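In the part that follows, the structures are each spelled out as structure tokens.
One chain, chain A, appears in both complexes that follow, with chain B as partner in the first and chain C in the second.
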Partner chain A sequence: MNPTAITVLLVSSIALITGFERVAELLADGGWLDRTIAVSPFLLAVGAGLYLYLARTDARDKTMLQSLFRNTEIQWGMTVVVGIALLAVFAPILTSHDPQYALYGRLRPPSLLHPLGTDTSGRDAFARLLYGARLSLQTGVFATFIATALGTTVGVVSALSGSRTDSMLMRVVDAGLAFPRVFLLLALIALLPTVSQGLLVLVLGLTSWFDIARLVRGETLSLRSSDYVTATTGLGLPASRVVGSHILPNLAGPITVSASLSLGYLILLESGLSYLGVGASAGTPSWGRLIQEGYSQLRNAPQLTLIPGALIALTVIGFSLLGDGLRQHLDPRKA
Partner chain B sequence: MTPVLSVSNLTTHFHTADGVVRAVDDVSFEVAAGETLGIVGESGSGKSVTALSILRLIEQPPGWFGPKSRIELDGQNILELSSKELRKIRGAEISMVFQEPGTSLNPVLTVGYQVVETIRAHSKISRSEAWRQAVQLLETVGIPDAPLRARDYPHQMSGGMLQRVMIAIALSCKPKVLIADEPTTALDVTIQAQIVDLLIDLKKKFGMAIVFITHDLGVLARLADRVAVMYAGQIVEHGTAAQIYGEPGHPYTKGLLTAVPRVDKRRGELAGIPGSVPAATAWPAGCRFHPRCPSRLARCDQESPPPCVIGPGHTADCWLHTESNEP
Partner chain C sequence: MKYLLRRFVHGLVVIFIVATLSFILIHLAPGDPFMNVSDESGLQTSAELQERLQRIHGLDQPIPIQYALYLRNLFRGDLGVSYRNGSQPILPDVVAAAGRTLLLGAAALIVNFGVGLFLGTWQAIRHPSRADRVLTVATLVVYSLPVFWFGYVLVFLFVERLGLFPVIGGHVAQRLVLPSLTLGLIGAAATARFHRAAMLNVKNADYVRTAVAKGLSHRDVVVRHILRNALTPVITLLGLSLPLLLSGSVFVERVFQWNGLGNLAVNAVQGREYNVVMATTLIVSLMVIVSNFVADLLHRRADPRARATT
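On to the complex of A and B.
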């Protein structure tokens, strides 16, 4: 049995059952995005159910996907990550409240109307938690994307260019790794009154590519001196083909591992920054900001802080498990 | 016969932190179409660097070619080509089979794709047409169920099969010259024989010249028309296969031949050549073989011997032959 598929089935079904009216509402008068989201639990539940049904009758590991899921760490990491991603995607179905709407009573205790109560400004805490997941995950994913793309490019270019460019780029990487990133980001708030999410993603991405660049450079150097790269060069393949079809595919493994590990770390960093007041503007929910806002009411309303905190921890653990599992799975020396 | 490939005064040095490695020093040879030249020598004698130099696969720096070095393919000096011209020649007119089939193929791509890729690098044909040609080539090199096996990844094939794939890739554009750098060394003896048979067969079919590099005189005997014996970065003896095996002129060649185990002769112990190839940063003065030579003369550690003609088309660089046969 595949826990990820079960999670998908479960979360989608819960979303459908609890949010049935919302689905109808969204389908009736939402935009195309809302409608897509409204339909997605149906499709995902059916897909996951079908997968579970088919996998039940066929026990052999036939597909690559199934052999990937034989690794327990990947299995559970994926489960956590997919579960949290679904919470974020289904946010409009799972709650009908607007995370910004601040006209309920302040600090109401959990109830059926407000599953986690309301926060210090009278906003629905559950809605803020779900929409906060969107922001945190988005920031993490896009920043990781920028960091990975940039790191891979710099790493490959550095390894393949002459010793001069190589050592120059690597000194930049050294400097980047030596520079305390949190201070740079704090300096940024000091300079700017508000930091938009886009800018935050950009800054996080632009300050996180250094270790990926170093990793990719090392891998590329060893690939470049491998027999098959010499062989393909000797067979007259243009350099672009040698890089595109012989070096990059062989880099996919280490890059995937490093990206999934850094995703967890970037989500943590984003939360830390929101907590410190950088990042999403005051009203926008983000997990770090939820903790900061609820912090003063830790005694009266612990759910305001503890649940976002637990979700941050869970997400980071999920991505770490996934990255670690992928590393094991992709290691050619494994038994 | 006019040679397709003619290498003259090839000198390849490497400038390293430990000094200048003189891997190949003033090596000259020629190969005509349909001819097989065997280059034989111990490890460290410069065979592989010679092979890599011909395709200019030596990185510069640290690699360095002597100013008099010429590698002519149909009269075109490879050492003077631009990188674009070089790329057109590599794989299309002159191709190479490497020693380790297991590591010379990319593990993440199917073997068929890797053949297709080489074909398409040199001719503008459609993907499906290239695939058809690739399957045909794999059939030619003796891969059973070629249409099916073309979709295999390298790890799904045995070493012998992989070497066949490498040969298919090397021959995919019908090159004029095939350089085989110890293509049988990493294989079992029975598979070695199959690969040698395959090369003999393919030479008849494609008519290319082969430069076959090996340390195994036994393998060479079945394949080579002419043999060049390399020692310490130089060719010390050069002649037809019959001359080299029948009347070896250089003490080093004699040593190599007595070191080959033979089933047809009973012998107590297998003779070897004492010592090993010296470091390429400091070749011995005079004749480079003199410290290990059983028949060394007084002048051997002073002056290096000139090539001496000891038969038609048969030369040996050794003082033993100078008195009677100085050219």
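On to the complex of A and C.
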């Protein structure tokens, strides 16, 4: 029972449940990219669940889990993240309005029928907010999966390969970190004929792995020089075995922390791109698009701009707290 | 001196790589930039007009020749011409936008490091205390806010509710206040967290204990021993914060209609003006390289250990 598996299970279930209809839709008529992205959280959830089942709880695990939840930051982070996820999952129960139905009359003030009023096109703002949560969470989760997988691979390869490959890969990472990411994203998006959600996830993931790669490389280097890894090499274990059963499991902690932090950041980034009007162009709006649609009415209907932004902030804070708490939990010296 | 030269050559190589990459990307871009251009009479482009435009812009030449021309023009400071907008050269627009972004960035940087260093130092001095804990959470919260949303919150409070600033117009200094506060305060939260950690790190060092033991006043210990040593990593942070600042300014420029590089790039993306997008990319990388260089020099000046290596 370890925190990484719990986090993976939690996050992939969020992605899966919030995106259930979308997943079905994408499997039916999406391209290969959309299909791969649609299935990945399912596989991850099954994997993490299986792992947790095989490594069944005993008394020691129970105390570990208790100490995990004794951390105040983890408590708050967990509460916020689960709360937002519940909003997204139960959107159809929490509101009876269709987020795209546009015939309620424009800019109605908040009332019992429309808790946040209606937007500039006469759609129910509360429904759009709830369904928007689904899209924002999914995009963040999928992009983080891609970034984490890529960053881990590059980091491990870089640390274990010769100095030439290592220094070349690290140059790429340095460049990626030094270059302002939003400009990089703008340059890439400019080249795409149309921006679908799947493509946006891919672009976000492909431009966000640099810091994870650097972190993983550093950790791998320090693990490699540790006595127990030297011992496994001395025992004559093949490299794949050394990496698979001795290095990767010990990387899981720092990777989880870093993934939790970048999840928040990627949600922020996606909402920013949608706000600029260069995000995914079709389909359900994400929170960033709601702000873009609402800000011209900042004076008359401030709730259209301020509430979606507050939810973005809350989600990011939740994941930041979770990441910070996990870091403290895994490394009590740094608390 | 030898070091300086090597850094300079290194910078040139990076610029060359970025330029080549952006050339390749422009040519990978789907579609023809003139596909949807209309002529003076407002009609869609005919095949004939498209051909003429391609000839004018040199797009009918073989790729290697186009590449050579591109590099030569770049060397002369010619970033090409806009495909729309009557074939005006891009350079003046990009330079003017870069100037406005730098102005905004400089103002934000002052807010960022002024507030951030003050908060970080203050927190570290009061370290095990309630105030420190509250501020640690507060900085985490501010750091997590979406920049553009924070901008609208400030507009809502100071413009719509309190009426402290004019909605549109006003003097440059007046228009600069809210954007630089938006960008600067969010950066300040990150700086405060970073600086607090650096201060706490130094606080436990042996030489600080020695300074306390030999009877220096609290103030002297903090200012001369802790703060001075904790400021070295801040110089590194200064170099690292430019990419973040530039990224953030894309959103802030949108919120406040500040026509800098960010707005230029976003409009170019929406208008499919690859030339302009790549020109801004080039300028941005130039800015990052120069700022890293400056941060490096400052670091070597402040920390004798950095001078010793290479």
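Keep in mind that, in the parts below, the second predicted complex is superposed on the first by the 259 of 335 C-alpha atoms of A that agree within 3 Å, B and C clash if a C-alpha of one lies under 4 Å from a C-alpha of the other, contacts with A are read in each partner's own complex, and residues count from 1 in each chain.
Assume contacts are C-beta pairs under 8 Å (C-beta built on N, C-alpha and C of every residue); 3 or more make two chains touch, one makes a residue touch a chain.
All figures in this text were calculated on a predicted structure; none of them were measured in a lab.
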Superposed partners chain B and chain C on chain A - clash or fit: fit
Contacts of A:10 with chain B and chain C, given as first, second, both or neither: neither
Chain B versus chain C as contact partner of A:193, first or second or both or neither: second
Contacts of A:245 with chain B and chain C, given as first, second, both or neither: first
Contacts of A:230 with chain B and chain C, given as first, second, both or neither: first
Which partner, chain B or chain C, touches more chain A residues: C
Touching partner for A:179 - first (chain B), second (chain C), both, neither: second
Smallest separation in angstrom, by C-alpha atoms, between chain B and chain C in the superposition: 14
Contact residues of chain A, present in both the chain B and the chain C interface: none
Chain A partner contacts - residues on chain B that touch it in the complex: 55, 57, 86-92, 95-96, 98, 100, 103-109, 117-118, 121-122, 166, 169-170
Residue ranges of chain A in contact with chain C within the complex: 175, 177-184, 186-187, 189-193, 264, 268, 271-272, 275-278, 288, 291, 295, 298-299, 302, 305-306, 309-310, 312-313, 316-317, 320-321, 324
Chain A to chain B touching residues, read off their complex: 226-228, 230-238, 241, 245-246, 249-250
Residue ranges of chain C in contact with chain A within the complex: 14, 22, 25, 28-31, 140-141, 143-150, 152-153, 155-156, 160, 242-244, 246-248, 250-251, 254-255, 261-262, 265-266, 268-270, 272, 274, 277-278, 280-281, 284-285, 288, 292
